[in-house]
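Paired with chain B in one complex and with chain C in the other, chain A is shared by the two complexes that follow.
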Partner chain A sequence: MAMSAGLQGEAPSDGVSSGTASLLEVRHLSVTYTRRLARNDGQTRESRHAVRDVNFDVPRRETLGLVGESGSGKTSVGLAILNLIAAAGSVRFDGQEILGLHGATMRQLRTRMQMVFQDPTASLDPRMTVRRIVRMPIKAHRIATGTGIDDLVAEVLNKVSLDTAVMSRYPHQLSGGQRQRVAIARALATAPDFIVCDEITSSLDVSVQAQVVNLLMDLQADLGLTLLFISHNLGIVRQVSGLIAVMYYGRVVELGQSEQIYANSLHPYTKALLEAVPSPDPALETRPTRAYLRADATTAGLHKVWSGGCVYQDRCPFTTDLCRRVEPELGASAAGHSVACHRVDEIRTGTAECTEGDS
Partner chain B sequence: MSEQEKVLAPLLEINNLAVSFRSGRRTVPIIHGVSMRVAAGERVGVIGESGSGKTVTALSVLGLHDKRRTRYGTVSAIEFGGTDLLRLPPKDMRKLRGGDIAMVFQDPATSLNPVFTIAAQLLPVLRIHQNLSRRAAHEAAVAALAAVEIRDPVRVLNSYPHELSGGMRQRILIAMAVACRPRLLIADEPTSALDVTVQATVLDLLSELVTESAMSLLLITHDMGVIARLCSYMYVMYAGRVVEQGPVKDLFQSSWHPYTRGLLQSTPRMNGPRPRRLATLTAGQSDLQPDVSITGCSFASRCPYAIERCYTEVPVLASAHHAASCHRWQELVASGFAVANSLAPTPSAAGGQDSD
Partner chain C sequence: MKTHVSAIRQRMPSLSACILIVIGILVAIAAIYPRAFTSGNPNAIDPNAILAGPSLRHLLGTDEAGADIYTRIIYGTRLDAEISLFSVGIAYAVGVPLGLLAGWWRGALDEILSRLSAGILAFPIVLLALLIVGSFGTSAPTLIAILALAFLPQVTLLARAQTMAVCARGYVLAARATGLRERRIITVHVLHNITPQLLVLSPQLMSQAILIEASLSYLGVGIQPPAITWGSLLLDASNYYQQDPLYAISTGLVVTIAAALLLVAGDLISRWADPLRRR
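Up next, the complex of A and B:
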């Protein structure tokens, strides 16, 4: 697999493109949330894997699009990479291991790594004006001084096409899309070289979406930005990302060059995802048969918690006994990109038949 | 006026809504005379520029603006089943909210209380509105969450909002809003945080509910695809005004306003060649109160077809079934939007009166 992308597996030493090429190397990343439950019979602890053994690289100046089921762990991956929540495994940023890093070294790295969060209302302090919100990181990291600060504030607001008149407003006095752009402006203020963008366009209308996407691509070209772009919008992801990772229930199930995956997706979940995109043309919206999006199968597995086997087994039209027993590993497919599915070859050649069980 | 099309009496009728907010000594006009109708059982979509006033319009229906800072136009009225909501006493308004009218808010973070579990917030809603025992309410809650595709509903019921993903919070709000079977559901970007497979389910669910219980739907979204799937009629907003309205099919087949056209064109495609850049609606500051002091069309400074007249005369929206507020729409549609223009995009009008 001469893929710049994707999985270099365990041994970075034999990978041609590892080390210098990738700004970010994620290995065996797992996130577990533990909560205390009050029960009649005393307290118990409940642990849940939100992310399980996730591996990928993001080469310098490239964008990895992270798509997947809602609740599959995308935000958790983003938070873990920036060392904002506890995680197991390894995350190397520019060659340096950052999981478990703290104090001054981490603070220094923070100017280089930023995150724009999914929910702008929750991440913007309601008592601060837009001016103060954007000034904060500029002052904290001494990016500019004196009148230079306000100039920079105006400059970054301008970059996200916000009029400087918003500077004196509070977050609740802005529309949803305007708030999100303030959050993006704040992230841009420290001139980072890596940004995790978590659903930054979902609250924007398509024209502003297009502006923000073009802006990101410009910034990427000008500043050499590397991006992890989390989004539900497959059209947008296709536009911005050269590489794509598809997540389902805490696992990466398909990974590779985005052109290849859009043209030739192989995992049944990715196929369902691509099938389900509502078309912006009502003439096409006549509901053709959705082979992969089985309405009857969708709620079937919801009450269960994963307990081995393929994470997609309850919604998959191709599940066999093997799928229920053994979890498929993410591995190279004959199409060139990586897929975690036992029946990938049959699916690729179109010989996979829907099943009730295997023989 | 509209003829045979709207036979059903409107359940919600927004008439000439004007809203301005006082900030300090200034009063900033935000909505400049918006009219919309939603018939019983009808599904109406609202799409538009970020900052164009979609949420402000919706919040006006529910009387959720800060009274001291908000001014409504003197001729504005919002009628719901015969009552004027703008002049309704707060007490009656509260009764209506969460009863006959429910809303799913754009920002899930602000609508769930962070210090209570989901069960503590969802069960009372079910018990009050469906008159259920604790036990039955718990079962109904599990079913309601499963209906919006929430995996492991029992765990989720015992979770606090921060322990859930963004999309899960949004689905819980949808479940809560529909649990009490409102006559009108206002949903502000209800599915934008969801992956498309879940979105498909949630849209199907909404669609079912609308059909089954004759619920009306006013759906605000940025996604043309969502409107195409769910709505029969739509409004397009720009800078505090409705710039185009019509049946969804007609609008998609032939949009009349240059802004609507721009919207349809900047939607990224799932197939075909990938453009180097996405089409945007020309340069210029995208929003924030396009100068209200200009006397003309508020889209003029960004419109590729603007002519002299566009800067001097406000285009009006006819109250027809399909209508656009653009001076040149007929000419543009006739030419397939290929007419020689124009003055734009700079507002400084210099020459050009090429229409006649």
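Up next, the complex of A and C:
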């Protein structure tokens, strides 16, 4: 059984999926948002890639951490995988192609793949009691009937360590942590195999974040869940994920096992991200030995339309002409570790020269 | 036990709501069974007391034909209640589903409905009423139809806007992610969440209905005698406001108070329907 980050740079061979290696296979996933323009120069639509040609696998019972800054396309990837927004490419869940599915087939499949959202205040209907919220998926999929429904509600609330007394409460009467537990309980109600967790800790108090993360990891161990854990918090991702994919501007720029990424990151963006993680002890915090982010870097590049070349070229201190012309492909650097960077070998050996100021 | 008591108190209407409910019941009784409030006949004429002031026999005095004003106001309640209830009811029955679908599906349906609504809204209601009355004549059903048509765009646009706002909320996406049918999402999540906002508008529209009915009656294109509405009373009273100011003041106050109470009712309804605003 392949436990490595099963990455393929190119499309998989058109064969029957083995069905054992990975629960989720994402190939050439692209998400484009189009908006109508109120202009009269003939151009009526403007489209922008939120996700462009993303490939990764999530092996069964494992967690893939998807990290990147705001606007990098993490959430779009999560929504596209669950077929909640229009996307191009291929998403195979347990061997079955999901993109393009609709109606009863897709609804049926949704019992197996669920999502927990960033802000439970938004994702829970304020006019429903907790009981009703958790009952919704159970009734929609006829998972239980009669008194069995309430028994199941109590059971899933129990799984997320919530007292059944909360059943008659409204979301605004709960704490942030309790609300997120309710959202997790709702996702668990259909006994899914796979859950997309979209920034599930970012709206929570720091003291509660750890509780929710620990709960999620316990649930994963108990129920054999496969997770896509989207977060910008590298500390939490490290705790949760065996595999990590780093996204920048709609592209996966580095993908590998957690230890590889944290101990031996290669992409300049990943390095910059890791250096930005604050240390709990300021005395231990060392000044970075090398800058992996240009001194004049801004996030402005994120808002412009991609016009070829490496997505990180505007913020990378090592940008060369090649980087501006040719987009680097995600290529294997070590077993299970891939990086999309032209200068990866120089960066690995520490011989990459800064080109800052040349442009 | 304590939580039980507080739960009941949460659901208990406030004092102002209680007063409004009592008034509402009284008005309903007056509309359905006016004899409960007066033993007189609204069309009984007393030639010896024309435009008489208040007395024990005639609490609010008499009108130009010697009929009891109080009795006529009570008997006028029924038509006003019918007109306001039915016109608003029809506008809601048609407008809410249209607005929901337009807000949910968007696209061409939304485009057409929005333009149509704007078109109707741009048309002065009294002018519209004059046109329709001119061609179909006055009757309560005609008036109800006119008012329903006038209220329809307001209800449709409100339902549409609220639907669009609710659709952007996380719980609608979450409901889709859990695998709910679209129909369920619309009825359970969307309709449920736009109900308070829709309810706020209904008493406002009813008060508008009463005021518009009064304006049309005043212009002479409202309900015709011998049917009695508050508006028609106001028209009669306006001719004699110098001889008998109380005649005009009492009928005018009835219309004003009814409209005002309906506005207060709208606010109370929204507060009651919203768990976040409920104390």
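FYI, the second predicted complex is superposed on the first by the 312 of 359 C-alpha atoms of A that agree within 3 Å, B and C clash if a C-alpha of one lies under 4 Å from a C-alpha of the other, contacts with A are read in each partner's own complex, and residues count from 1 in each chain.
Rule of thumb we're sticking to: a residue touches a chain if its C-beta (ideal position, glycine included) is under 8 Å from a C-beta of that chain, and two chains touch if they have at least 3 such contacts.
Bear in mind the structure is a predicted one, so any value in this text is a computation, not a measurement.
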Chain A residues touched - chain C or chain B, whichever exceeds: B
Touching partner for A:G235 - first (chain B), second (chain C), both, neither: first
Which superposed partner A:R142 touches (first chain B, second chain C, both, neither): neither
A:L82 touches, of chain B and chain C: first, second, both or neither? second
Chain B versus chain C as contact partner of A:R45, first or second or both or neither: neither
First (chain B), second (chain C), both or neither touched by A:T190: second
Contacts of A:R127 with chain B and chain C, given as first, second, both or neither: second
Touched partner set for A:H102, first chain B, second chain C, both or neither: neither
Touching partner for A:G176 - first (chain B), second (chain C), both, neither: first
Contacts of A:D119 with chain B and chain C, given as first, second, both or neither: both
Overlapping contact positions on chain A, where the chain C interface meets the chain B interface: 118-119, 122
Residue ranges of chain B touching chain A (in the complex, touch as defined): 21, 23, 47-52, 55, 106-110, 146-147, 149-155, 158-159, 163-168, 171, 189, 192-201, 203-204, 222-226, 228-229, 248-249, 252-253, 262-264, 266-271, 274-275, 277-281, 285-289
Chain C to chain A touching residues, read off their complex: 169-171, 173-181, 184, 188-189, 192-193, 275-276
In the complex, chain A residues that touch chain C: 79, 82, 84, 106-108, 110-111, 114-115, 117-119, 122-128, 136-137, 140-141, 170, 172, 183, 186-187, 189-190
Touching residues (chain side chain A, partner chain B) in the complex: 33, 35, 37, 46, 48, 67-72, 75, 118-122, 161-163, 165-166, 169, 173-178, 199, 202-211, 213-214, 217, 232-236, 238-239, 249, 259, 262, 269, 272-274, 276-283, 285, 293, 295, 298-299, 301-305
